[in-house]
Amino acid sequence: MSKKEAFQQELDTKHDKYERLVKLSRDITIESKRTIFLLHRVTSVPDVEEVLAESEDKLDGVKLKIKLIALELIGEDLYQYHRAFTPGIQEYVEAVSFQHFIKERSLISLEQINKDLIFIEDKKNEEPEGLSSDSQDEKDKPVCFQVTPTDYLLGVADLTGELMRLCISSVGNGDIDTPFELSQFLRQVYDGFSYIGNTGPYEVSKKLYTLKQSLGKVEDACYALKVRGSEIPKHMLADVFSTRAALVESDEGIS
Amino acid sequence: MSVNEMFSGIQGFLSADQDVREDIRKVVQGLEQTAREILTVLQSVHQASGFKDNEPLMRVFVLSLSLSLSLSRFHEHWRFVLQRLAFLAAFVVYLESETLVTREEVTQILGIEVNREKGFHLDIEDYLSGVLTMASELSRLAVNSVTAGDYSRPLRISNFINELDSGFRLLNLKNDPLRKRYDGLKYDVKKIEEVVYDLSIRGLAREPGSGGEE
Amino acid sequence: MSVNEMFSGIQGFLSADQDVREDIRKVVQGLEQTAREILTVLQSVHQASGFKDNEPLMRVFVLSLSLSLSLSRFHEHWRFVLQRLAFLAAFVVYLESETLVTREEVTQILGIEVNREKGFHLDIEDYLSGVLTMASELSRLAVNSVTAGDYSRPLRISNFINELDSGFRLLNLKNDPLRKRYDGLKYDVKKIEEVVYDLSIRGLAREPGSGGEE
Amino acid sequence: MSKKEAFQQELDTKHDKYERLVKLSRDITIESKRTIFLLHRVTSVPDVEEVLAESEDKLDGVKLKIKLIALELIGEDLYQYHRAFTPGIQEYVEAVSFQHFIKERSLISLEQINKDLIFIEDKKNEEPEGLSSDSQDEKDKPVCFQVTPTDYLLGVADLTGELMRLCISSVGNGDIDTPFELSQFLRQVYDGFSYIGNTGPYEVSKKLYTLKQSLGKVEDACYALKVRGSEIPKHMLADVFSTRAALVESDEGIS
Amino acid sequence: MSVNEMFSGIQGFLSADQDVREDIRKVVQGLEQTAREILTVLQSVHQASGFKDNEPLMRVFVLSLSLSLSLSRFHEHWRFVLQRLAFLAAFVVYLESETLVTREEVTQILGIEVNREKGFHLDIEDYLSGVLTMASELSRLAVNSVTAGDYSRPLRISNFINELDSGFRLLNLKNDPLRKRYDGLKYDVKKIEEVVYDLSIRGLAREPGSGGEE
Amino acid sequence: MSVNEMFSGIQGFLSADQDVREDIRKVVQGLEQTAREILTVLQSVHQASGFKDNEPLMRVFVLSLSLSLSLSRFHEHWRFVLQRLAFLAAFVVYLESETLVTREEVTQILGIEVNREKGFHLDIEDYLSGVLTMASELSRLAVNSVTAGDYSRPLRISNFINELDSGFRLLNLKNDPLRKRYDGLKYDVKKIEEVVYDLSIRGLAREPGSGGEE
Amino acid sequence: MSVNEMFSGIQGFLSADQDVREDIRKVVQGLEQTAREILTVLQSVHQASGFKDNEPLMRVFVLSLSLSLSLSRFHEHWRFVLQRLAFLAAFVVYLESETLVTREEVTQILGIEVNREKGFHLDIEDYLSGVLTMASELSRLAVNSVTAGDYSRPLRISNFINELDSGFRLLNLKNDPLRKRYDGLKYDVKKIEEVVYDLSIRGLAREPGSGGEE
Amino acid sequence: MSVNEMFSGIQGFLSADQDVREDIRKVVQGLEQTAREILTVLQSVHQASGFKDNEPLMRVFVLSLSLSLSLSRFHEHWRFVLQRLAFLAAFVVYLESETLVTREEVTQILGIEVNREKGFHLDIEDYLSGVLTMASELSRLAVNSVTAGDYSRPLRISNFINELDSGFRLLNLKNDPLRKRYDGLKYDVKKIEEVVYDLSIRGLAREPGSGGEE
């Protein structure tokens, strides 16, 4: 009987932790998705920096949640709970790499992502409730979370979908440079994924098709820009677009 | 016998349900026919002659009044036709006033309840889906307006669609079919933008209101 | 901006929906736990000692009162646990009075509404499904009663199950999962009949009421 | 334009006829299913003849509906509308062959079924509305409906499911002869279907598995009867059951 | 044995059916090969050189005469190839006269009966399906005509397709596969509208026959 | 034209392949018919009268000799019928001698080669699949033997199946379909054990050999 | 190029992973073979002769010592074989002492660590899954014991299984595969109850311990 | 024991087969790695800089020489990688010479036998599948060439694809996966035609050869 109770306790502990991680993962997913939505506004607002600053704040909030995951996992088998938080982490990778691309026009590395997830435990009362700090020397060690290469890949694969959306929006808003940069960048990512091919987990191979479609849409957009731009010299094109942008701006009051 | 009586009553319930499903099927069939006819009239907007007649709208109104289904659990059965009618209402309202129809207006036009407790209602998803269908119809309209020699309409459509797009950006869409349809909106935006560009580089774009046909 | 405001409102609706789904998930989890605990108590009926305690029933009653979900469109989310609770209610009522619980009784025991317009309700299909689960539990009970030396209970169960079977025969079942479950009832009837037969040929069958242990 | 209207008319005529046939098929299905439910009562009521007579009435009603189908199909291509009414006809075959088995303990033949679907047109006002009797000599010819071999097979395949249910109910009600007769009969039907195998349409082959399961259940029931009957001589077994039946009968008043 | 005999009889019927199906399969294979060859010749219309030769049409005519299948119940087996042939007939007739082939003309070209009692026939659905396939080929032709420097053909195609589209919109299509194919027509219409737009905005569009720009 | 010539050559290859497939299809159809007829005769073993006639086996032998297909790459096309024939051979051999047929015996009975290089052959997987089908038929036979009053056959079948089961347990099965079918053997074993149990508890089981058939 | 380098690094990581998986696959294959052999020996318990030999157990012990995999993230790859081995350990322990093996005992028997930090370990889910497989084997054993004339073992098994069942009922199983397997326990319990019933009604059941083996 | 001995022998066969499969798996893995690397190099053709280096092709040649598998029955295992390599060979040959690679050339490039009796070979279906993959890559190349400012390449690709299309139209494709892939070719043709159209309408299309590359 007492044996059964011990089982029950072990199962409950595991289950409760799992549920907490699922909850955290969901929160991370929602906040990351919101960050991505926010970042898409860079194509339509005048002040990009403001959007970036706001996204920074949001991502800081997400990082705090990831810290809570890291705290839950101290002394635990990461992979036993991996399924609980992998959706959230992938979405975070998507969001953070999207922000990085907008700022730097480059792919954030796994190392960089993981470096940003090393947390120095400075305040004791930040610890989440329900977590017993049984070993004292843990307070000195930094809490850190390690994104797995697979989660990184899956997040980056989804990033390409967002970049495709960014490209189409850019075209819609008369930005003629971003699409070309994006096609260059997406081709590199696509080539990278092609290189990995089916050596990775099945989920990664599965994304290759969507990735190719996204790349195709971006290539088509560049093609369209090139073809329609062929009718008028490029510097004039820029003029047309700035006039156009002003026109849209001034219209906004009317309707 | 008591148990037997109980089961006789239950059989009655089950039969009634089946009858309701049958009724819905018939109403939906009629609505689909009406929707098709309205669309045919509306299609004339793509011709040079344009669209004038808003009489068909009335017919939806009348027809849907006959709906007294109060069971939201059969929603799946009329979801498709509702989205279709929402699209038509949105399209007519845009053509008449160049504004976005609200959900309340759609339900008034169709003669249905918004409040789901009161029966037949219009889900947000169905309303949004109808609005997205209209957006795609507007991108087609922008193209055909140019062919018909109306160079100001594309600019007005462009502004309207941009507003719609920034509205949708506020939504945190979970729902997969709707999200996918929303992605399509970006292509409509792009297409309309290309039309405006074509007009710009040829000096054909005019300030809406300043020149134009209207 | 008008369009923006509209979409902000819509986002509010969508978020509220998500919250309701989350709430349901939690309530359902709690109900499942309660159902499991009640069943554990009820299982003692298969032991020689038998079942005496009907206190757990009260706990369902209390717990379900906290349910204020009024949206039948989330039915799929709680269908399974409702069938489970309906089974438990039917089983307890049978053990107490050897009668068939009515749908109204189940809803009273569980503290829920029958009328679907008033919110949380008990579908006929869910009620019948619970009754069929009880029938299968009774066939097991017939077997174990004999082992425990109670030779009259199997006959009473046999009569009860036969009545149930002829009740179900009145239903024109369309619904596939329910029809399949109903086919299982025949096997329960058959199993109980075999027990009665075994008792008969050994002269152990007694008129219910005339002798018996109870 | 007028050409399009002609198309519309042709399509509408076809579609309306199709819908009417679907409706008739549904009615036939429902009534046939009700007949089958009714016939299952033979295992539990004292007067079998009464049930059979009632089922006869119900099936006569179904036949009238089939006559309406036959009238719709006069001068038409049967196979163009076949999909519309095949579910109903299969269910009718199931019902009529179930009744036949209960009465005759044999399989009704396709010829017999079709013979029962030759209708002599005696009253003119029986014609369904919306049907124009354009050719006058049709009144003299008998209206008849031909069940296809495939529909016959599919109906018979479903019959075996009902027979399995009948067998299990019989055992439950102490009837020890029916199961053995049924196992003999079902084995013949199963062998027949095995012989046809995959030469028939796919739907027929698909039913083979269910048919085998039904046969298995009946064979198991016979086995159970034989094994438990082995503990007591068969004539005594009958006694036990008649006592038992009486007991059930007398009990019914109590509860 | 009686049951055995019954099944033997049915087996005989099924075998005969199988033989007919086998025969149909062979005829259909031949027709498909012919259809493929005709299409190859017709494809030249998309090249700058254009299409001149209508000799292949004769070959369908001859081949189909050899068809003496009188069993409409195997319709499913030759439905696909008939639709293919109807498309080819419609395409040839359009290329020759820029008119819509009638169903009667198709049956004459293919040497088959319209009346279903007389055997092999052309269903209205199959005819319409062939027409829709042609519409999609015409949208491709509009694109390729521009490449070949023919700026008036797209306008003529546009008018033709618009007429076709409004004709189809009047039809109350229930038949699911046809309905789906009709949905594809929208894309063809849109594509052709865009070609006409491209010509209009560049001042290349001319009224067919009349000359002059808009 | 060069590309055209290449494709003409390729079409030649494809046609030759198609012809072979066509030939195989006919042979397989004939074999399936034979297999069905043999099975019909064998089914009589489940009747009280039992199975006596082993003449049909000869017919497989004769028919399969006419097979001269030497292409193992069409294996998929005759895999199914081979498994069926292997089952029949195994079943007949068991009924005659209550022993397990060997793969060599099956190939001799069917008149085919074991060596795959020499053409038509019997794969181990196909042989094992046939054996598993027989096992499932034997579990049915055990049930029906009891019904027919033969109480000793189930015990003999039980011993045989147990041997078979431990034989299969030696195999390291990777092949997915075979593995799945092997899982079914466990149910056959269990079913037969329950038959033997039913006989034992009623004192009906006798040691095979010691008591003989009833 | 920067992106290229990043993907090369990740590819290196993935390749290393693949190698580990390959190694695990081989070890697991060996373990499966061993498990199969042990089971073959254990199967003799279902024969009249019974099971005596516990030597194979040692072989698992030795083999598993060679496991030095310390990566819990490949748990999925050896989960199945571990459950199998846990079942075998539980079965052997039951046969020897009629007690439930503890998780600690299983890990000792298999020579693996409980503590997950130290590498290869036994999850509580895997342990419970093994126990449930044993329960199903015990229901088979109850049947076969009767056949072998041992009427007291089924009663002891019945008590043991009932204890197990009520133990499991206390567990709040969330883990889906385990939950499904637990549902199977109900059938085992029912089967054993029926065996006990058969013995009871024939007066063959005796209290274990009081009367000894027949 | 006789049955046991039989199964031991069978296990020997199965193990040998498994070893072959294991070997194939490793070779295929290596080939896939090579194919991936070649593709990465070839992808540079879509960049403005273009593709120059044909050295990777040699690496396939060398690696595939080590293949001495003579069993066509494992075809399924390497089918996928062969199609991939055939695609790469076809793509390289097109980039170098703008001609269609023949099946013989592919086998020479890959160092494999055409004759299937001599072992490892290249099926027509695998060759054609590779060619179709190339066609789809060429439609992408047409788009990207325009972006890179090369307006003449799309016209050359268009001519090449049209030839390919009419070649495929000669084939009587039964094979389902290939047929499906061929349907994709129509989209590639259409896509390329639209690119050429876009160039034409803007006066950017030049006859290949007459104007040269930009």
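Note that the chains take the letters A, B, C, D, E, F, G and H in the order they are written out, and that residue 1 is the start of every chain.
Operating definition for what follows: a contact is a pair of C-beta atoms (placed from the backbone, for glycine too) under 8 Å apart; a residue touches a chain by one contact, two chains touch by 3 or more.
These are the chains along with the protein names UniProt gives them: A, D = Translin-associated protein X; B, C, E, F, G, H = Translin.
What you are looking at is a predicted structure, and each value in this text was computed from that prediction instead of being measured.
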- Relative to subunit G, which chain has the most distant C-alpha mean position? E
- Selected pair, greater C-beta contact count between F-H and C-G: F-H
- Task: Among the listed pairs D-F, A-B or A-G, choose the one whose interface is a repeat of D-E, with over half of the contact pairs the same by residue number.
- Result: A-G
- Taking each chain's centre as the mean of its CA atoms, subunit B sits from subunit D at a distance in Å of 47
- Query: Roughly how far is subunit B from subunit G, going centre to centre by Cα mean, in whole Å?
  - Reply: 59
- Query: For subunit A, which residues are shared contacts with two or more other chains?
  - Reply: 191, 195-196, 199, 231, 252
- Task: Enumerate the residues of subunit C that touch no fewer than two other chains.
- Result: 1, 163, 166, 172, 198
- For each chain, which other chains does it touch, given as pairs? A-B, A-G, A-H, B-C, B-E, C-D, C-G, D-E, D-F, E-H, F-G, F-H
- Item | Of subunit E, residues touching subunit H in the complex | 29, 32-33, 36, 39-40, 43, 46-47, 140, 143-144, 146-147, 149, 195, 198-199, 202, 204
- Note on the structure: subunit H residues touching subunit F in their complex are 1-4, 6-8, 10-11, 13-15, 18, 21, 72-73, 75, 100, 102-103, 116, 124, 128, 163-164, 166-168, 170-174
- Of all residues in subunit H, those that touch subunit E in their complex: 162, 165-166, 169-170, 172, 190, 193-194, 196-197, 200-201, 205
- Residues of subunit D touching subunit C in their complex? 30, 33-34, 37, 40-41, 44, 165, 168-169, 171-174, 221, 224, 228, 231-232, 236-237, 240-241, 243-244, 247-248, 251-252, 254-255
- Touching residues on subunit D, where the partner in the complex is subunit E: 3-5, 7-8, 10-12, 14-15, 18, 77-80, 82, 106-107, 109-110, 149-150, 152-153, 185, 188-189, 191-193, 195-196, 199-200
